[in-house]
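Presented below are the structures under discussion, each in the form of structure tokens.
Shared between the two complexes below is chain A, which pairs with chain B and chain C, respectively.
Here is the complex of A and B:
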């Protein structure tokens, strides 16, 4: 009888021990394998260069779906006007990563609407002037700000030819975990870099555009839709005279 | 030339402490302004995503530029061997250091993340002129401190000329670096000119000397020390020449711009229809900051009167602040030519619709920070001349000029 009890006890201890070991090790193994499966575990390479093609002939006047989508995706809409600020001041001080602009040609009078954001230059002036190197260009062509080394001097905003950057003028109480932000730092369009790192396709603005005016893709891939579209028809860079080789190209202006 | 003796600044204690008390109150108010801006964020200032550098930068850059200019008086004595200026070297070095420190402090306190100064001091991007400037500024402070030591310590006197030359060359590079902060910006029509660097150098000559003259006259007059007309006459003539040189540079800068059609809109903005920027350019910088001081300084009677020299120096300083406002803020307020062939009709982020100027309205905290910087420079200077032998006991004509009488 006592022999039997001992057997049970031994089995129990053995099973319990294995279960305990598994419960300790398994989540680690699981996390490890998940982490390694994610693109963010791999070093970013210059085998790809992300970019956008914007067809202004398709961009609808008065539509700002891309702006709303960007605000939601990156948590810009979580930021409210500070108590005491006027609407006019807030309009100039709130962060804006993408904006719609309507322009008229001086000669022909032709009017076009277009979204404008960081142009993700190959030779970005914002990166050149940043004293600490916080403003940087990833190997895959995305230009962004390291929020840990940005001291908030705004020299990059002085240097950007597209006025694409925003300074955070007030305290940030709520933010998305995928898009860290903070008061006193500069930020701008990241081509939804968190999507790249989590292996999610597209950008918020491109997905939201029901007119198909924004095309996101790999400029280095000869078979990508964006490369084919660029080869098919003429396109321009904004401020092409500066020879920055922008990653965002426009059609129809 | 007689041997020059130096003595601590010996005005009566109540007056001295009264002065310091006034400056301390200004500093305290400026301190609260800084805390307010840092606690709330920059939304409490007039700066925004269009005009990102405001009044603090106007004051900071003016002080940094003036700092390098204040050192010129010493350089005239050591580098160019003009004995008459040798006795002025100590105050010159002191002002150079206090003005630079104050200018830098304003810049640092305006950062979005001033607590990350350590990052700025340890992490560098050497393609940035800003990063180079951090070295140039720190180096300037070290070299000028050494320069002062060679002036004030007998045993170090044999290094006086060498360190003086180094300090002079360094200050030229430093102001080149400061001018290049703007000169290297290709995107904005108001900047992107190699000429800004030499223009900043000549501006520094005038602004530094104007501040030097005022401090010299105030400290000497307050204590009743002799300050001869001979020396003052030389310094005021130099100021007149420096201001004339700025005038020349401003003329060439705008004439060059006017020749190229691409710059016409920017030139029209500054010279004709830019509102506050046009007013500040013509009235502040050109008229009050250059023409009137030149008229006073070169006038046979006014130029030789103490009141005339004080008025001219004050006007040069005010004109300098106006100049910085036009360059720093006017250069940003002019809308960027993102679409050179097009007119912007609508924008979700301002952008200067129809070519309108971008909006900036300076706020009180910004002015307080800037004025606090000026108060700090003056305060430290006054404490230093009180504690150490920076000021010559006399600058009477017979002391400074061997041929006098």
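Here is the complex of A and C:
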């Protein structure tokens, strides 16, 4: 198992190295996307790839600060239980972009708790199966749903190995400008895409984590904190066997 | 003879009132008190906007969602910010609704209801300005 992880890591490091070289060739692009605090005027490019590193050894059991911060940032806290739905239904169907999950090693009994969101795969199964092309991967590595073309078939929800996507079942009364949302569409973590496009740093979850368990950054930038942290110590992908090359990496599981 | 003249006069009066009604519609399309009311034209000439605003918005939605471009004149949030009006208490009135007191149809609703074209934007997008990035 450990050999497998090492191999993946080696691959990842080599990819990161090549991308680093690319970003030196086009430093202006990189500089623009990070330094400017203005709305984006140029199309996103693959010079950057956004991702998260989650250190489960720092993640506190029972804490859900990242989840509430995400709910607030993305307007999920504005959704109410639909008329006629039972509490049970709502608990099961309530849209959420981050779930807190516990994983237990059967042999040792070691338990890790971790936030689980869209893993922003390089080869996303949700994009493979989408019949309309609504599920797509943006050039900067963010996997999103174009809700203008989403027909609500929920095939992507079936295909996602991480159960990362939610469905909006009811009409929405209050909406945020930056996070439109409507009945009949699927949605999931966007790595706070509005922040990316308006030049605001970080993600809501990373900002909210008091334990410093969530690190957000550009995986293609050799000088970013996240790349350094990934190079420094071992980490893993969830379901690495699926070879999806996830943009969200974990430590301590 | 007198009857014919009266008829002609009546017809002329009717025509005139129809023209002035159309003219007043033209000028009152923007809602008083909105930012748009103080401007000469929208992001393109008014006649073009009346006929093709949806094409601008549709083009924009693709480049915003897929390419992340947010700096633009043609965003839906821009339409709402500029065309929204406030009620007497200073509360924004939804652009796809009517003023609850006067019954005046707001900017989007007015034309869309008149022309019987369903307005889908606001089933997902906000119909009053809410700060960008929030």
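Definition applied: the second predicted complex is superposed on the first by the 215 of 253 C-alpha atoms of A that agree within 3 Å, B and C clash if a C-alpha of one lies under 4 Å from a C-alpha of the other, contacts with A are read in each partner's own complex, and residues count from 1 in each chain.
In this section, a contact is a pair of C-beta atoms (placed from the backbone, for glycine too) under 8 Å apart; a residue touches a chain by one contact, two chains touch by 3 or more.
From a predicted model like this one, the values you see are computed outputs, not experimental measurements.
Look at A:159: by the touch rule set out above, it reaches chain B but stays clear of chain C. By the touch criterion stated above, A:171 is placed in contact with chain B and with chain C alike.
Shared-chain residue A:229: touches no atom of chain B or chain C. Of the two partners, chain B and chain C, it is B that touches more residues of chain A. By the touch criterion defined above, A:132 reaches chain B but does not reach chain C. Looking at the shared chain after the overlay, A:102 reaches chain B, while chain C stays out of its contact range. In the superposed pair of complexes, A:78 makes contact with neither chain B nor chain C.
Touch criterion met: A:185 reaches chain B and chain C at once. In the three-chain superposition model, chain A touches both chain B and chain C at residues 171, 183, 185.
Remark: chain A residues 38-44, 136, 138-140, 144, 146-148, 171-172, 174-178, 180-183, 185, 193-198, 200 touch chain C in the complex.
In the complex of the two chains, the chain C residues touching chain A come out as 61-63, 65-72, 77, 123-126, 129-134. Against chain B, the residues of chain A that register as touching in their complex are 64, 67, 82, 85, 88-96, 99-107, 111, 116, 125, 127-133, 149-155, 157-163, 165-171, 183-186, 238-239, 241-242, 253. By the touch criterion stated above, chain B contacts chain A in their complex at residues 40-43, 48-50, 52-53, 107, 111-114, 116-117, 119-120, 123-125, 127-131, 134, 181, 184-188, 332, 336-351, 359.
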